[in-house]
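Order as written gives the chain letters A, B, C, D and E; numbering starts at 1 within each chain.
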Amino acid sequence: MTLVTTVMGLLLALASVGAAVVAIRVRSLPVAILAAGLVSLLAAVLFVLLAAPDVAMTEAAIGSGLTTFLFFFVLGRVRGGGDHD
Amino acid sequence: MTLVTLAIATGFALVLIGLLGALTDRNILRMIVAFTIANTGVNLVLIGVGMLPGRTAPILDEAVSVAQAAARIVDPVPQALVLTAIVIGLGVTALMLAYALRLHQTRHSLDIRTFTELKW
Amino acid sequence: MPFEWVQIPYALLTLFIVVNYGLVLTALIQKIGARVGRRHGIRIYQNYVDLLKNYALRTHITHGVMFYLGPVFRLTGGVGLLLFVPTIFGSEMFSNLSFAGDLILALYFVFFGSLGMALGAGESGHPYSAIGVTRGLSQVTAAELPLALAVFAVSLQYETLSITEIVAAQQGGVTNWTLFTNPLAVAAAMLSFLGSMMRPPFDVVLAPQEIPIGPPTEYHSAYLALMQTNRVIFPVAKVVIYMNLFFGGATGWGEFAVKVFCIYMVSVLVGVVFPRFRVEQSIRWFLVWAVPIGVLSIVIA
Amino acid sequence: MVSAIFILAIGLGAAFLLGLLRDTWRGLAYALTLAALAAMSWIAGSWLVALAGGLGPVEIRTAGFAPPFAIALRMGLPEAALSLLISLTGLLSAVYMRGTLMRLGRRAMAVLLIAVMALVGIVLTRDAFNLFVFLELTVIATGGLVLLSADPRALGAGFKYLVVAQVISILLLVGVIFAYHATGSLNIDDMAAANLVTLKGGAIAFFLMFVAVVAELKPFPANGWALDIYESAHPAFSAILSAALSAAALIAADKMLSIGGPEWLPVASSLGLVSFLGANILALAQDNDRRLLGYSSIGQVGLVLVVLGQRDILGASTPFIAGGLLLAHAVAKAGFYWLSGLVQGRSLMDWTALRGHPVLIFAFVTFVALLLGLPPFPGFYAKWGLVHALAADGRYLVLGLILLGSLIESGYLMRWFGYIIKRPQVDLPPLPSLSKRAVVLTAVAAGWALGWIWGEISGYPNLLLSIPLLFALGFLFIEWLPAWVKNLVAIAGLGAWFWYTFPGYDPLHLIYAAIILVGGAVILVASFDAKGRRVGFYPPAMLMYAGLSMLILAQDSFAFFAAWEYLTIGSYFLILRGKKSEPHALSYILFSLGGAFAILAGLALGAQGVLPFDVADLAKAPARLAPWIFALLAIGFMTKTAAIGLHIWLPGAHAEAETDVSPMVSGILLKAGLFGLTLLLMIMGKQSLYGIELTYVMLWIGALSALVGNLLAAFQEDAKRLLAYSSIGQMGYALFGLAMMNHLGWLMALMFVINHYIYKSMLFLSVGGVAKRTGTRDMYRMGGLITLMPLSFIAVLIGIIAVSGVPPLSGFGGRWIFYNAIMSSEYRLPMVLIFLSGPIAFLYLFRLIHTIFLGQLKDEHRKLKEAPLWLILPQMLYVAFLLGFAVVPGLALRHVDAYISEFFPAHALIWDDITITSTFGYWSPISIMVVVGCIFAVLFLWLLVLNHRAQKVKQFNIVYSAERPFRPETTHFAWNFFAPYRKALGFMTLPLVTRFWQAQTDLLHSTAQVSRRFYTGNGQTYAVHMLAFAVAVYLIWMGS
Amino acid sequence: MIRTFFVVLLLLGLGAVFAGLMVGYTPDAELNATARYYADNTAADTGAANIVTAIIVTYRGLDTLGEVTVLFLTAAIVALVLAAGREKDPASRIAPPPAGELLTTGSRLLAPLILLLGVYVFANGHLTPGGGFQGGAILASAVLLLLLTDPLRHFGHRLISVVESLSGFIYVLIGVAGVVLAGGFLDNRILPLGDFGALLSAGAIPVIYTLIGLKVGAEFASMLVSLSETEEPR
């Protein structure tokens, strides 16, 4: 375990937690969705660091990719009732 | 702090943040978003638990021969589990989204408080 | 105590004596009551006259089967009660038909006549009959309680339910009477006695203003005669029970006459002194005064 | 045998195959679905048969590797049973949902198939993560199947469920991975073998897994989402949810518990108990049928969880008990939900639609009985075993709470049944669908089959195979016959059974047997009066008689208690038949079941786990427990005799019952309680608790019952209520006699048994006949009926003379023995009450005869006829018998007297030819009769001579000149007949006891009303509940 | 806000639980028995180089079958949910403005490439990172692309559903074949294990992963299509 990976991990962790906080705090729903996708993406990178390439691929493809698309699909169809009041 | 504990701690933090969002935000879509964050956190925890510091991915190739495998690779089982969990998480998310869509179609609202006609 | 045929004429003899005694006694008591009230009162033979007159009267009226049978029940109750209790202690002749049952029989048979009468009166359709019956029954339930307790106490005391044996246990001097050996029981019983004699202050049951113009006015002629007969037998029969249980019984007709008269007079004297109670008042009175004494008597016994 | 993996493979394969079909080929798709479900059921069934035949559990490896390296499944007996349950429920629901499935097409069918497959997977798997996968599949499938509902609200419910499921799955996954980390295996058996909870970090990991799986059981109070689904989903899906999903979740919980070890068993028990009680209390407040059933489901599942948590003491019998409860619940609840699909309205009242459909009513009754664990259904065996185990191990709190919960459960179910039978019928007939009805009937058949199976494996004689019960059930099949034919069969049956069992009775039992069987037959004579088919009368009536006749034959406690339950249920249905009897029948059944539970607990305490347990062995109960056993049993029996404090059910129940039912439940049924008390006292004798002699307490209770019963009787305006209260008093006397614990007291009690049967049956029949003719039971609306109904009058006259104890009739004998008994008794004070109550009996008796038959005839009654012949006939039999018994009481009593001498040698009576002599007094019934008769005859003849030409005159040809009071009723002489008495003693008749019980039920109901507010309907809130539940369990667990 | 406060409190509780887990957690120095078995025997048992894949497809094949079923289920339910809310008459829908020519052409060119990539990913799942799920997701993204450019294009519902069902059904059949021909349900040794590291090796794993990939792709696609076909809000 090199220092680099640890520092990278730390940064990634902080970033993902930050993104998560943004996702649940931000007023705009699209931004929230994107932030959640970002959390997923950062997690995928972490997975690589954690020696789990399979998982990383899946998380990237499914967690941050498809899921985000799904959200936007739905978001597009619920415009109006979607956001915070 | 090692990478492992870091991963687990981050995972737990994401779970808690996700749950906080899911349990306090009234907007259905945002609840779902929050749940995906929590799910990601869980996945992170799982992988973190399966991680053995300083080891490599559980793939046998030139770098890792069968004979060395036991000493070189991380625990593959959590990874397999997480793969499954991710897909299942997507399934549930998709389902919830479909529900959200339909709920919105019926009431033109995404406020969870709208859907309390069944109670008591 | 096996049955012999000769007991039937003996019993009839008792009956005859008691009827005559009762006729005189009731007249005498009415007379005393009148005198106390500074009235002249009836003649001492008046009851004989009334009775005979009523037996002689003829009627064609009945209000129905129970109406017809009511007086029969009533008198059966009186006669039966008298005959189920030995009148004179130590006399085979006047132990009557007491072989049929003991004290309990007598106590329960008291109700037989009342029941029949109430039924008869009820069938007359007279609204006041119901009033009288309800009052009477209500009061008697409370009045009976101290008596029952006293009787229980006495039976416990003598460990028998046989009247003859109870009397036997009281022989050999006045101090052996239950009156002295178990004064509480006697006190309770005597309080109860006041209530069951339908005399003031417990005579609202027969409230003169209402009841006499009610059912008894429907009963006339022979019906009334039967009831009058009962009215002289029944109180005496009851007093006989008291006498046997509490006052040493009677060994001869003389003692019998005196004791019955004295006991009867108790209720008369009390009635002269006290104002009349309403029914619920008398019920409470019995419960508050008589019952505790009775309870005490059995607890002590 | 086909590998069990094929259950899963077929389900999945068929689901995938459905996708290949064109969307328009729906019939084919449906056929494929059914075929797949049938095949799955068949495989599960064949395994069940094989395993039941002695085959050991089989491990099924996937991928060809041993666990923990590959996922392993296991097929054992419980797994096979539950797999069969699940796939059959799925199959039947598929049949049931034909219309919906055909409308929605192959996708819906695929979802259904996968749901069933996943549930079976949960049952079979031995792998923790695999369990998670199947659970998630179930969640998602549930999310889909909820949508089969036509109810738009289902959408919201489904979403709430998904939200909660997310929380659950997070907890489960975290738990699984840490458990894996601690043990190095995902295999449940490995985790158990490694003692997960003792490993570092293992305990919390286990906690998370456990709480997640328990959450799938929808534990109270973290279950709001589940109820919304139950309420809004398609009923056939709710059936799956309630039956199959609950079963699967329970077995998952069981697997978890096998990991958790003994430390977690109390946690499971507590959670189960909270669920069981909480859900049942909340169910009380429900008006929506499906929601109520949902609560009931949760309660039942909680109960099974309790059983699983008690496995440390249940040991090898755990599957039998848990399985009995679970299967009974599953079949019943599925049946209920299927049935609810036939009912068009959603309010409980809308179920009145079932009225007029005897088959559906029968189905409902079957399901209720299954749920409540009434014999002969599996729940009965299960509760029996459970209670015994708990009692033997001293877990009284658990025992008490379980019984309390069961009682509450029976409260709302029985109330519901009452609504169905009695409330105004709604105009929404049940759906005519034949296939749906067939599905419901399949559930009914399954319920009875389960009863039979549990009977076979219980180790007891199969309850379902006893002749009296079969005889009673046989009436279900001849319901189409006219009533008189059935009546003949019934009478013949009672007679035949008496003849058949006659040689086996000792004198004491013979008295009861004669009253029950011969007496029952006599009362049935009055039933010839009924016209038409009288559907629904004979099965319960004969069930009651079956119970009664089995009760007196019972040797071991099991048979005794089963018989007790039979007679309780039978009589409940009988009572419910009365016109306005609904609330009274309900309070009857609640008190009766409460009493029955007390009896059950008492027997269980006595048995101390040794089964079968001969009732007579109660005598050997350990001294420490004996008084408690005694008290419990006594309370149970006194509930039946309506001793004061436990009496409030009686007046209504007896008064509102049908004319010929009142004598049955009064004259005969009450004797069951006395029989129990007789046995109890005979076996256990005197017991002291904290220095207080319990028989002494009973003495007071008996005396108070006699007093208050009589007093209340005096104040009734309703003739049948009057008689009913009188019964309370009479039973008080009998109780008093028994509690005196001496020879004569017992003799008196038995004399009361006989007398009360005769005169109360007779009076109820007379009064019933009068009420039938006049159309009212209010005495102030009657009067002067003597001329119109002379025979009824005679019966009542003889009856009241007998009741009051006035010589010469048989009632006096009772009083005489009573006096002699108290002379030899050690206690005096309670006698005071008895003395007071004696004369009060006169009050009500006189009122009865006076206000009905004497006094003024009402205008509207001028043309009444005598009561129907069939009602009069038994009355005349009773008159004859009463007179006979008055003259020769020795015929019955001598033998009993001799028999009692075995137990109480002192103070036996001496039976000379005509005189009966006791230590204290004597009594000659024949002499009394002759003397009184002679005097009466002489006087009567004399009066006849004097007054032989008397003519009947018009009633109002009287001296009294005022107008007779006619209206309003309150001026009628019979209104408030004993007004002064009420003024004096009315304080004693304040309905304190009623108020007490009312306060209890109010408390329960308001608790329910308040706590249901907890379920706000907000899915998010439910998720918070879920989380709070988990945290609470954690904190409690940490604390302990 | 009381509710938020309460939730935070609860989450603190849950956090305590998690903290307890972390306190009790020490990373293993050695693989545990299960993992060790996989490390030592995967190659011999299954012939797969990617141990995760071996576990997913063979050792824990039942999980994966379930997982695939989850997607199948989700797709079916999404279709069901959304079908219920759909207008009966498709003609009444308002046609959205057409996408730009460039985008349309570009996506039509790109789609086959993406599909190819997807196939590569799942066909090599037993050798390299990646597999059926990732590949399936990539396949679905091709569909997504097409949807983006031409939302109302009549998608091959039938094709998607046939692919979805057929692959699933064959998957189950292979599983059953494992019972019949080899050691148990989903045993990959129904086919020869082949040369370690070759594309066509590891028994049935590539076949299964391919099926999974097709199925997952079809299911994602089906979900996306279902979602895209719902109505725009008025």
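Keep in mind that, in the parts below, a contact is a pair of C-beta atoms (placed from the backbone, for glycine too) under 8 Å apart; a residue touches a chain by one contact, two chains touch by 3 or more.
Every value quoted in this text rests on a predicted model; they were computed, and no experiment measured them.
Please identify each chain that touches chain C as well as chain D.
none
Between chain pairs A-E and A-B, which one is joined by a greater number of C-beta pairs in contact?
Between A-B and A-E, contacts are more numerous in A-B.
From chain A, which chain is the farthest off, judged by mean CA positions?
So the farthest one, by centre of C-alpha atoms, is C.
Which chain wins if you rank chains by how close their C-alpha centre is to the centre of all protein C-alpha atoms?
Chain nearest the centroid of all protein C-alpha atoms: D.
What chain lies farthest away from chain E once each centre is taken as the mean of the Cα atoms?
C
Which integer distance in Å separates the CA centroid of chain B from that of chain D?
Computed value for the inter-centroid distance: 50 Å.
Can you give the whole-Å distance between the Cα centres of chain A and chain D?
Inter-chain centre distance comes to 58 Å.
Express in whole angstrom the distance between the two chain centres, defined as the mean CA positions of chain B and chain C.
99
Just how far, in Å, is the C-alpha centre of chain E from the one of chain D?
From the centre of chain D to the centre of chain E is 54 Å.
Touching at least two other chains at once: which residues of chain D meet that condition?
Those would be 129, 133, 136, 140, 143-144, 174, 178, 181, 186, 1024, 1027.
Pull out every residue in chain C that's touching 2 or more other chains.
There are none in chain C.
What are the residues of chain E that contact at least two other chains?
3, 7, 10-11, 14, 18, 25, 28, 32, 34-35, 38, 50, 52, 59-60, 63, 66-67, 70, 73-74, 77, 81, 84, 129, 131, 133, 223, 227, 230-231, 233
Which two-chain combinations touch?
Chain pairs that touch: A-B, A-E, B-D, B-E, C-D, D-E.
Please give the residue numbers of chain C that touch chain D in the complex, ascending.
3, 55, 58-66, 68-69, 71-73, 75-76, 79-80, 83-84, 97, 99-105, 108-109, 111-112, 115, 118-119, 122-131, 133-135, 137-138, 140-142, 144-145, 148-149, 152, 155-156, 159-162, 213-214, 217-218, 221-223, 225-226, 278-281, 283-284, 287, 291, 294-295, 298-299, 301
Can you list the residues on chain B that touch chain E in the complex?
My answer: residues 2, 4-5, 8-9, 12, 15-16, 19-20, 23-24, 49, 51-53, 57-61, 66, 69-70, 73, 75-77, 79-81, 83-84, 86-88, 90-92, 94-95, 97-99, 101-102, 104-106, 108.
So in the complex, which bits of chain B are touching chain D?
15, 19, 22-24, 26, 28, 31, 35, 38-39, 42, 45-46, 49-50, 77-78, 81, 84-85, 88, 91-92, 95-96, 99-100, 102-103, 106, 112-113, 115-120
Going by the contact rule set out above, which residues of chain E touch chain A in the complex?
Residues in contact with chain A: 50, 52-53, 121, 129-131, 133-134, 137-138, 140-141, 144, 220, 223-224, 227-228, 230-233.
Mind pulling up the chain A residues that touch chain B in the complex?
The contact residues of chain A facing chain B are 1, 5-6, 9-10, 13, 16-17, 20-21, 23-24, 29, 32-33, 36, 39-40, 43, 46-47, 49-55, 58-59, 62-63, 66-67, 70-71, 73-75, 77-78, 80-85.
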